[in-house]
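Read through the structures below before going on.
In what comes next, chain A is part of two complexes: it sits with chain B in the first one and with chain C in the second one.
And then the complex of A and B:
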């Protein structure tokens, strides 16, 4: 087979930081190439260069044996390269066909004269044909805001196919999908391959790689560390290549029967609306027992973020109540919640958890900056702040260059450790942890998981919200699944298969036997 | 390492506009037919290197230190109190009225009463925009900016009517009583007001760098969402900061009244106004107290030096205004860069993180 995409010594530097170092990538025609690596390994940088979003500092890109320079995605599309981004770039209020033809509208014609009017019918027909040709399940006249995430992804793929691309790049395509939708996507991609397309998929989920790929390239810290065929490798070997050492993929978790211990935290019929007045959290009731981790699973965008905001005082409920050890704490402010003994690990590390442009010691006290040990008569005690910071650095193994520097200079994992150190050292009884390991390297993930389990075993309780299903399943004692703002089911992770959870995540409640 | 780089960058950021302004000003001086080096030499020597000139410079710097601080406390929290000029006028006016009409017999208590009245006036001006911003997200920039003109016109009405000194040959309020005037020290214009401003500056330095409120101010300014998530009542803090800013502006006005003007005239804060100059100074000093002190002294030096230029060369003193205007222009560029730069940096860091 011929080579489709080739890069020779491709290098990209951001200032002093080398994101990609002499990458020699080789993608054959009509194959599915998976590019795997940890977060921050440089996968996206590489793809952004192939798609013309970034310009390489050094090296060459060769497509079908011809060297090309791409200044923008327009050039990339002209060269037959299309990309489906992790966060879809669609207009929610427009229909499927309007989104697909955006920018390439079909004009009404009168004779040979083209009028400045859009020919709707021709557009719908054209898109219908496209959908049929590729065997997709889509209705061209549906509005994008009404269709599922999986369907939106198919719209993105069609958008690229309509532009006649032969090489399709997908950036983390499964991050937002339910397990069933993932299966469907894999099926779709294999079919596209049979139709002669070359597909490059970026991911860090090894199970999917094994199902999907023909060949796999592993990137670590900006360099290629492995280039293997799927038939010749295993999940374990790939994981080893990604991190350079053996990883315990599962943490040891001593699950307990928690129903008989004391209830620490309870919510009843919590409901709220978003800015546009749409109900996003509906009638959420659950009890949290001592010594328990309650997982909240669900496909992103089904109300988990809003629920966390409700529980952490960033949103107000329109109905329902929350109790902490019998005390009504509904709609308390975040500082009141922290004082009452609730630790909060927010969803977005750099928006709510940390301030990038403030120093590490300042971030170490945020949220607790009014407490007596560091604040006296309204003045902060710099020495105590530094002591606290140094204690955190040591106890939580935070790796940094300059302890007086800004938090923004830390890597994702170490920045997350700052939050965890801050919240756990205040000795709360409840921890609300939202996406505690998102975008964090495997070493830190292990550390964070252990810290959460240790916290639970000390007789406290945790609410864990994560889009990483494996994390929820391995850590939680009990899991509730959310779909469209409601609880669609409650399960015990030891007794439930991933498929069952997937069904609940898609809003399908299994009938009782 | 990183911190040192930052400091050097900050200093350069402030020095480059000044240097550029002096170079452009120099070209204009050349065109007039004078030697720019001798002109600048006179400017600097007379304002900074003679004892009397230096003390005069400090005198003119005094209200600017306070208005600069008033700007800094809000700008640092990403809140924009553009009403410093109006607040300062209001404070100055009512301190003047109180000083002229109230029977204030002891100098210390009398001054204190005037300062308190002025601070309250400044806060009164700042309160409505602060409440509107905190409660209803009304843009505080627009409200405070517009209120300036309302205040200036109201004070003009009061000066020409109700409180006019009939014996004066021009529009002015009565002169304040001697007891509450700040006495000049030696032959220069400097008064104890400068010392007072330094004390306030020191307090503000502590407040901005080592206090809980300063920490919250910084957090709100850098990342409001973070501030809220860590339990700061952002609305309440905005009100507090606006009131603080208003009080500082009012005090600046009262001090200027009692140490220099002694009566309210329509040109009380001259052109473009102590409040507007304060904004420039705060930007020049990157909203940090120590740098604000340096910037206000520099700015006042231009003012004292300009009279000497007029006296010793054929260059008109307006050259200083040209230099000031060019500084503003270059600072505006920095201001824009500051804003867009942050966005780009954010984008880049996001890309790197992915």
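And then the complex of A and C:
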């Protein structure tokens, strides 16, 4: 088979930081190449260079034996390269067909004269044909803001196919899909491969790599550390290459029967609306028992974010109540919740968890800054704050360059550990953890999972919200699945298959026998 | 009856500059470049058109100079705000202050309190529409200067431009998801420039209408906050051409009422001038309340 994409010593530097160091990538025609690596390993930088979004500092890109320089995505598309980004580049208020044809609009014609107006009917017909040709399920006149994430991804793929690309790059395509949608995507990609397309997939989910790839390239800290064929490797070997050491892919979890322990936390019919008045959380009722981790699963955007905001005091409910050990805490503010014994690991660590511009020690007390050991006569005791910080650094293995520096200088994993240290050391009884390991390296994931389990085993309770299904399934004692703001089902992870959870995530409730 | 006719006529008369400003600001608003320099641009056109007419006596030269100079301000705004990524609020404020200062400075040099044109009067600009002129009540549509007719036709034109053409789609895409535009090779900088410059063109028309066409004179600061009223109208109409123009007309109604009612107010007449501004605050407050009525988030968004 011929070489399709090749890079020779491709290097990208951002100031002093080398994001990609002498990458020699080699993708054959009509193969599915997976590029794996941890967050921040430089996968996206590499792909952005191939798609013309970034210009290499050094090195060459060779497409079908011809050296090319790409100054913009337009050049990449002209060279037959299309990219589906992790965060879709769609315009929500436009329809499916408008998004697909964006930049290539069909104009109205009067005889041989081209009018400056857009011919909507011709556009719809054109997109309908495209959808039929590829056997996709989409309605061209739906607005993108109204369709599911999986459908949006299909729009992105079609957008590229319409531009006649034969090399398709997908950046983390499965991150936001249900397991069934992932299967569907794998099927689609394999079919596209049969039609003669070359596909490059960036991912860090090794199980999908094993199902999808023909060959795999592993990137670590900006360099290629492995180049293997699927047939000759295993999930474990890939993980080892990614991290550079043996990793535990699963944590030990002693599951407990929780029904017989005390109820610590309860919500009943919790409901709220978004700014347009649409109900985004509807009638959420659950009980959280002592010594239990309750997982909340679901495809992103099905109300989990809003539910967490409700539970952590960042949003008000329109209906329903929350109780902590029999006390009504509905719509309390975050500081009141923390005082009452609820630890909060928020969804977005830089938006709600930390203040990037402030020092590590200040972030170590944020949210607990009024407590007596830290604050006396309304003044902060800097020495005590630093002591606390040093204790956290030691106990939670936070790795940093300068302890007096800003929290924004820490890596994702270490920044997350600052939050976890802060919340757990305040000795809460309930921990609400939302996406606790998002964008965190494998080593820190292991650490954070262990910390959460230890917290639970000490007789406390955890609400764990995550879009990583594997995380939910391995940590939780009980899982509720959310779909369109409602609970679509409750399951026990050890007795349920991923497929069953996937159906619930897609809103399909199994009929009672 | 006559009062009603006067109010209707004045509504059209006073809506014109605000409508033009709204149409001008719309594209920038949709392209996510908030242009608060509408006021300054309009004032510049008002001043330059009357000044050039005063000095040369050539009406075409006056109009041309007003449009070109206002679009130069648009270039200044775009270059600083888009190319050099400056803060558009500060730049806009700067332009508003500078155009005001320049016009007052020139008036001072010329030792004039205001420029009144002698060779041409407001009546010379009025165009009667045959037929309609003779119909009672409806005749309020007739007897306006050219730009007034242009302004109302432009509402339809801008509606088509915004929703039916590539240009409009791209401007909206650039404003809503710039990454998406860039990833498809749409030059977002070009469309932002175009949006701002198109805005300056409409502001120039507004300014010419305000000073030259309607009054054949210029006084310092005669725009009197209309540019900001236009921004309020755009905001209330969420950048939709027809709805925003509707709010512009609402403010036109307020001014028409203020002027016609003040005749009966005797010594308190001056107080009626505040009606449009009070209305603006009330409308803004009500629209904002309706928008945020369902906001359950406690996080403050910037």
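The criterion applied here is as follows: the second predicted complex is superposed on the first by the 513 of 513 C-alpha atoms of A that agree within 3 Å, B and C clash if a C-alpha of one lies under 4 Å from a C-alpha of the other, contacts with A are read in each partner's own complex, and residues count from 1 in each chain.
We adopt the following convention: a contact is a pair of C-beta atoms (placed from the backbone, for glycine too) under 8 Å apart; a residue touches a chain by one contact, two chains touch by 3 or more.
The structure displayed is predicted, hence computed values, not measured ones.
After superposition onto chain A, partners chain B and chain C are found to sit side by side with no clash.
Of the two partner chains placed by superposition, A:229 touches none, neither chain B nor chain C. By the touch criterion stated above, A:369 is placed in contact with chain B alone, chain C being left untouched. When the shared chain is aligned, no partner comes close enough to touch A:458: not chain B, not chain C.
Looking at the shared chain after the overlay, A:45 reaches chain B, while chain C stays out of its contact range. In the superposed model, A:85 lies in contact with chain C only, and not with chain B.
In the superposition on chain A, A:316 contacts chain C only, with no contact to chain B. After overlaying the two complexes on the shared chain, residue contacts for A:274 are found with chain C alone; chain B is out of touch. Judged by the touch definition given at the top, the superposed model places A:492 against neither chain B nor chain C. Once both structures are overlaid on their shared chain A, chain B and chain C have a minimum Cα-Cα separation of 5 Å. Shared contact residues of chain A, touching chain B in one structure and chain C in the other: 313-314, 333, 352.
Within the complex formed with chain A, the chain B residues making contact are 1-3, 206, 210-216, 218-219, 222-223, 225-233, 348-349, 351-354. Every residue of chain C that touches chain A in the complex is listed here, in rising order: 160, 164-166, 169, 172-173, 176-177, 179-186, 291-299.
Those residues of chain A lying in contact with chain B across their complex are 14, 17, 19, 39-40, 43-45, 48, 54, 312-314, 333-338, 344, 346, 351-358, 362, 365-367, 369-370, 375, 378-380, 382, 402, 404-406, 408-409, 412, 439. Those residues of chain A whose C-beta lies close enough to touch chain C in the complex are 51, 53, 72-74, 77, 83, 85, 87, 89-94, 98, 102-103, 105, 107, 116-118, 159, 272-277, 309, 313-318, 333, 352.
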